[in-house]
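Two complexes are shown next, each including chain A; its partner changes from chain B in the first to chain C in the second.
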Partner chain A sequence: MPLDKVPETIVEKDIIRLVCGETRYEGAFIQCKNGAVILKLSNGYNTGILLSHIDNLQLIEKAIEHNSARAIHPQVNSKKNGEKGKPAPKDAAGNGNSISILSSGGTISSRVEYTTGAVFPVLDVDELLSEFPEIAQISPIRAKSVFSILSEDLTPKHWQVLAEEIREEIKSGCTGVVILHGTDTMHYTSAALSFMLQKLPVPVVLVGAQRSPDRGSSDNRQNLISALLAAKSDIATVSLCMHSTVNDDSCLLHLGTKVRKLHSSRRDAFKSVNRLPIAKIFPKEKRIEPLSSYDKRGNSPELEFDNKINGNVGLLYAHPGIKPQLVDKFADYDGIVVAGTGFGHVSTNPSNDKLALPVIGNLKALIDSDVKVVMAPQTIFGRVNLNVYSAGRLLKEIGVIGDGCDFTPETALVKLMWVLGHEKKYAKVKKEMETNIAGEITERSLLIDE
Partner chain B sequence: MPLDKVPETIVEKDIIRLVCGETRYEGAFIQCKNGAVILKLSNGYNTGILLSHIDNLQLIEKAIEHNSARAIHPQVNSKKNGEKGKPAPKDAAGNGNSISILSSGGTISSRVEYTTGAVFPVLDVDELLSEFPEIAQISPIRAKSVFSILSEDLTPKHWQVLAEEIREEIKSGCTGVVILHGTDTMHYTSAALSFMLQKLPVPVVLVGAQRSPDRGSSDNRQNLISALLAAKSDIATVSLCMHSTVNDDSCLLHLGTKVRKLHSSRRDAFKSVNRLPIAKIFPKEKRIEPLSSYDKRGNSPELEFDNKINGNVGLLYAHPGIKPQLVDKFADYDGIVVAGTGFGHVSTNPSNDKLALPVIGNLKALIDSDVKVVMAPQTIFGRVNLNVYSAGRLLKEIGVIGDGCDFTPETALVKLMWVLGHEKKYAKVKKEMETNIAGEITERSLLIDE
Partner chain C sequence: MAEHTVSGLKVGLEIHQRIGSGKLFCRCAASIDTKKISTIKRLMHPVKSEFGEWDRSARFEQSRDLNFTYEIYENNCLVELDEEPPHELDADALKVCLWVAKSLNCKPVDIVQVMRKQVLDGSCVSGFQRTMLIATDGYIETSKGRVAIQTVCLEEESSGIVEKSGEATIYRLDRLGIPLIEIATSPDIKDGGQAREVAEYLGMLIRLTGKAQRGIGSIRQDVNISIPEGARVEIKGTQELELIPTLVDNEATRQHAMAEIAKKQRKIGGIVPLITDVSDILTQTACKFAAKALAEGKFAIAIKAKEYAGLLGTEIQPERRFGTELSDYAKFYGTTGILHSDENLVKYGFSENEIAEIRRRLDCLERDAFILTLGTQKNAALALEKVVERINQPGVLEETRRALPNGSNSFLRPLPGKARLYPETDVYPIVIDKKTYAKLKKLDLDGEKAKLAKLLSHDLAGKIIRSPYLQLFYEYHKKANPVTVATTLTDTVVALRRKGVQLSEELMRAVLVLYGEGKISQYAIPEVLKLALTYPSASLEEKVKEKGLTILLNDELKKVVRQNEFNLGKIMSQYRLRVEAEDVKKLIERLKN
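The block that comes next holds the complex of A and B.
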């Protein structure tokens, strides 16, 4: 017989035990909201359990009697880059059947600063849990804040920390991982995690919101529920989950390396590029409709973890009138991605036009001084092809990498950072960049028009 | 009674006169192909006239007797930047009812170099005219090569020359102007011409091809015919005409400032951004279906011409881990466009995260030293909004320009070059950049989701 309500004698910070069938949860009571009990577990994680799932509630220790060793604080920013995280302790219920929610900040975990009307990201996992009692109907969850910053402030070092945190969650045996993330750079992070976390045994799903929770049009509820469904599914890969259209009926699950933010404000801002999304998710029906092939849970029992990265990589955006001297300013970089025009071009001036400002000589000087230069298409959609026009052939001749690749400039940038974290030799970098590692390069399309 | 064929006595370079009703064309005979006579007129332009339109052909002078003063050569690259072009002389038929085709190079005016299989742009207006006899059914035309280079080799100085050439065509009384252009940077040129040529009395239509003429899937015929229909229509603005889908049934006419190449190889690579296309064109039916409002022929009798431009403008693409020192390297520029994430963000680090690499200080230093910094959305679709998040508000406070603007980074770059060609004062540059000039900024969308 399920619990009706939390007894009034139970107050905040009381240590309680919840008995839910065979499972036991033990932790500090935070609140009961929207029909769910929110607990802070002894490892600092929060969890939310629906009253209707609770058979029995036992008081272990009154709040007033807590000693400091037992007091629980959220583990915010506690791990520094490079410091190996301790294995996450199993919570009272074990972690074998729960989804781990890690927050990095962003609108989906934000509140509005009413004095200015501006939106600030805050750690508010408790609020999230109590706000969305449906979560507990999908799966037991654990939640933790890793960062609480705007996603445009994230750097490759943050990706490293996030990858480590995810590894610890996987080690602890979770069903899947959901990352709450700001949308500005979510596709960069999803690409980075795709390279750092290969052969995933469980799903890793990034999710954000385009609208803050105070707005009627907020997409946080649908996106979060859909992400949890994805994290519980058999799609064992790094993916990104956001609205499929401006309607509130479904989300799309995009492959982490093949997705891009393509609108500043719309809820369906993220689009798969040069690939179908992995699946469509209908949160109300709790249904997942596969749209393309994916790596299945259970096929890769062992995670391949490698979060080494080289941040000394830049992006050069080609455009008419770009000053050749700008290229020279990347001389102290280990690599650059050139977002070229069309099939992957910059000015090479084969017709020796007097008004042209060719940059190919400057690119050659970079390459000759061992800066790796990778081409990606600024058209976003489509593929680099350095064989069709003379400009492409000239670029290939001087050693530009990337012919045949259909990655976005953003994914190419992240991949180059990751590859240069391991390898510096030109031939090896070229080979790794031009070989598919995490779905970022697809086979040449069979569509007649490409 | 129309002409059946060209008499065999007429050979190349013979000067002939064609009588077509009230109209007379006089020039050097080039060839007769696909039922059309190709003439080189005395001003260097070529024209093609259908045999079925010719009432009479008269020989004026045999080729062997030409004196050098009479010899006609194409005017390739004959005008230098800054040199004021002479008014184009009226051809024998006058220019009052003809469309001027200007070629700048690109695939649409290309041939394949069979030794390597690579495609080279060439001046081949004669071939174009004889290849597409349908042209003559739409309108009398004049054709001229201005440049013959790959579009990725075009610079702001080329835009200036092209604008001058178009002005001369308009002065000579043409019905409309069609620009043959490489597709790599066609959207940059269409934006530049939109600012340089305001209050157009006639249509100016840029057109390219994604596939070279030797390929069965070449889109050059449909695009060219559609562009000519657009040039004859009442749509008196700078537009860009390309395939609407991968089918060969229609083209879309996009506004010059609101279009972007969004695929490297597909024939429907160009998409309107943040605005509907102007019209859909059905070349077989010779029908134009308007899709949105446009400036009508006859509303602006006088062209506003201003091709001043400042090439000392760059583009900085924001991304996680961008090195703050890179921003400093734009110190000697007059202006830069920042392609920011989301609503127009870079790392501002309001939460003082230790791993963050904020660039806002470097941007402020640029602005303080009078470099104009304009924000545009790297999401391409959507609008800069510097009021929603703290990052945006901080950027607005230091003087970043562009709040509320929905131009693409490419159009913002071209506009900044043009604005800085006239104006250097911060307040005036800010006002001009944030005010709609050529359709590049639309009113805030009324769509519920934006």
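The block that comes next holds the complex of A and C.
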């Protein structure tokens, strides 16, 4: 009689024997999933045996609590989500002369449970120091887990919480703040923090990892060490620190509003867009090489904090054949960013082509109903220019905002949320959107080669 | 040596054979002769094992500098560079693996879980090698009884080492990710001869699939050996089947010798790691390498091995002594190895005075030995520390060792612990279709032999089925005389290899094509093979003409026959390489009549 289920008395890591006809499998029970028993065999391999093939299941030995159970079932830091508004405990010296590490989740703050392969978040000063002993040579640290979620699950509300946490850390007198973050949406968070935390007295550095920490080749170490060096430096701005190339030798520090993830997997996925990175960091030599000007530590003693945000903003990606009805769906929004083609275009059909599907009328209807429409380039690199082609001129005439801006669609989206958190009037929103606030708009288009 | 083979010698084999389809987890070609296009630099960090502990092998690597340079080739993509997650598993490789497993009477698992095997020597860019268990519990029959097949796995090939110098190691990535079938036997094998038989059988079986990759390094045998008073030792990198019996015997001898030394060591006790700088004694030395090292600012440091005189020089294997063994450990940490007082140090250029002075400095009595090494302060001290560590663990240790050309072996690294495998979460588990497996026809070596026996002599059929070029034979045997094709791919190739001539498959093909097209005689084949090797880029046919090796046909042949007055012997002695004897015979008959 084949087995129909695993007895409930069998728990993870119990040593069991499965009798399947003439074959015996012996190993640690991991789980029963999709009709199969997953077993870690004594040779180290995991394998799945279908319940329907198992004649008999025998318990050989009950699982014992391994002496380093902490690594297997680590306890997520008890400070997680709790004690809102309270700063992380001061470093041992109690003098506040340390770097605050705040975690929001993601690969860089994750660990692998080796038996099952499951990934779990962990952040604990001791663990960080044991994993990255080099930290001790840079600065005392304190650590706090703010969230432990995937970065694609973050919302504008999370940005607000994070900004508050950073403010508390700064208030309590840290040297700088490092934020461990999932890389998927790290550039959205860096943009949001750039608007929320202005005139920073200390550096705020976001850092992530593209390769999981279980592997010897993970980029987590170099990125974290570089981020800590940046947090200790005089670069008092919101920045993002990741590998500069596929080599493990240096990191680039990008301005929070002018950076984007441009590759799904490479360790140098993040690139500065339309400006040079702030600096290049050589972790081995502990050297920071400035590449462009930046706000210096000490220039602004008082933090300007403003985390009001309006999340009712959408992003519309223009494409050939886009349905005009899709545009209408944004009627309930307070604002949208259109990632336009080329200089910032959508179909306007000035030549009255029969097959064309112009959406300009629908955009105009949105604007007329007080939805703020901002144009950003889907080319990522380059600047919106609504004066060159008739499509652009028509869009400008109906009140599309953003002409001349060189922000990325993502930064434009975050900025619009932040601006709409304060302003409702079209003229004021237009002015704020088209004025540089946190480095997101540059005046000069420089020739920047890789 | 025979006494070890009867006293509980246990031998197990692990065969790794590259499969020449595509790479296992990306769609790059499995070829290994593409062009180098770039290099990258990486660092490798030790990571904790699944129980939150540092794996002992990982820990061992941790005390070394982990800088790596990787050469990138045309058949590399972001997957091998650890810049992109794996793509889907190569279906062909899985199919071949299942086919082999079935032929080894194995039972396939229901669900394959791809695992990451931690590898921190840099040979895998990611820090792990992907591997998966495909089938278990099989067997093969040998002349000395049944040998159980424990597991059949499918895994990724690691990258090839280009250069290892002190701080940085250079690897080439062209072969990284090529599928490997790994077959592991139980330690049922009783002696070296049987080990050889099993290795040969497994190699032949995989080659029968027609998917085995050929060429240097495409098949490797790892031999696990232990004797009751020893420990399990894995010897890596045997490529020559002929060497396996010697390797087994020599390792049994080593384990026995080490156990004997250990008995004495236990009586003496351990040695104290008290390191003394003796550089000043050697400032005027006539020993060239010592003088050079000291001139480079390196140090000569030494330790006393109390009551070890005579022990360090004990032979443990052909051409290897206990001291050589210790030297391997020192070399691993970046020094040139160790020298010791059981050696004839005068031979290296040290003076009697210098030796006496070192002994004095270390307070050595006659029964004491000393160990000396040269290196940077950090490396030399570390090396001696490791040497002492090894001495103070008497006996055979579980180790991974490297086969040497003479059948001895040297220390490579500690045997990796078991905690090195954990799930590869980027690849979804693969369900094995049992119905398809049931329908797979077993590879049939006997059937194949019978088929070949119809074309070739029994002896030659045996040779070609053992040869790595069986598939090449099948490609050309219909286009030319099968006996000549088989002889070329076996005897001729082996004879040339013994002379140190390594032939690429491409070259063999080119020559077989010329022969198949009737442009050269069978007797000219060895000469043309050598010619092809000398002029690799030239047109072989042109070169053959130029060197006068083209076959004589029709009018040309008639002319030669007439000139030599129909004397076969005379013609053959003069034109041996340019005619086929049968043709000449027939022509003589015809012209005479």
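The rule is simple: the second predicted complex is superposed on the first by the 338 of 450 C-alpha atoms of A that agree within 3 Å, B and C clash if a C-alpha of one lies under 4 Å from a C-alpha of the other, contacts with A are read in each partner's own complex, and residues count from 1 in each chain.
Quick note on the criterion: a residue touches a chain if its C-beta (ideal position, glycine included) is under 8 Å from a C-beta of that chain, and two chains touch if they have at least 3 such contacts.
Predicted, not measured: the structure shown is a model, and the values here were computed from it.
Contact with both chain B and chain C is seen for A:Val246 once the two complexes are overlaid on the shared chain. By the touch criterion stated above, A:Arg221 is placed in contact with chain C alone, chain B being left untouched.
In the overlay built on the shared chain, the residue A:Asn56 is in contact with neither chain B nor chain C. Looking at the shared chain after the overlay, A:Asn97 reaches neither chain B nor chain C. Counting the residues of chain A that each partner touches, chain B and chain C differ, and the larger count belongs to B.
By the touch criterion defined above, A:Ser292 lies against neither chain B nor chain C after alignment on the C-alpha atoms of chain A. Using the contact criterion defined above for the overlaid structures, shared-chain residue A:Asn436 touches neither chain B nor chain C, since it reaches no partner.
Legend: residue contacts after superposition of the two complexes on their common chain; A:Leu315 is shown touching chain B, with no touch to chain C.
Comparing the two interfaces of chain A, the one with chain B and the one with chain C have residues 116, 118-119, 217, 246, 264-267 in common. Looking at the complex, you find that chain B touches chain A at residues 77, 81, 116-121, 147-159, 161, 182-185, 188-189, 217, 246, 261-269, 311-315, 317-323, 326, 329, 339-351, 353, 355-358, 377, 379-385, 387-391, 393, 409-410, 413, 417, 447-450. The touching residues of chain A, when paired with chain C in their complex, are 22-23, 25, 36, 38, 41-50, 53, 66, 68, 70-72, 112-119, 211, 213-218, 221-222, 246-249, 264-267.
Across the interface of their complex, chain A is touched by residues 40-53, 66, 78, 81-85, 107, 109-113, 115-118, 120, 125-128, 131-133, 136-137, 150-151, 153, 418-425, 429, 431 of chain C.
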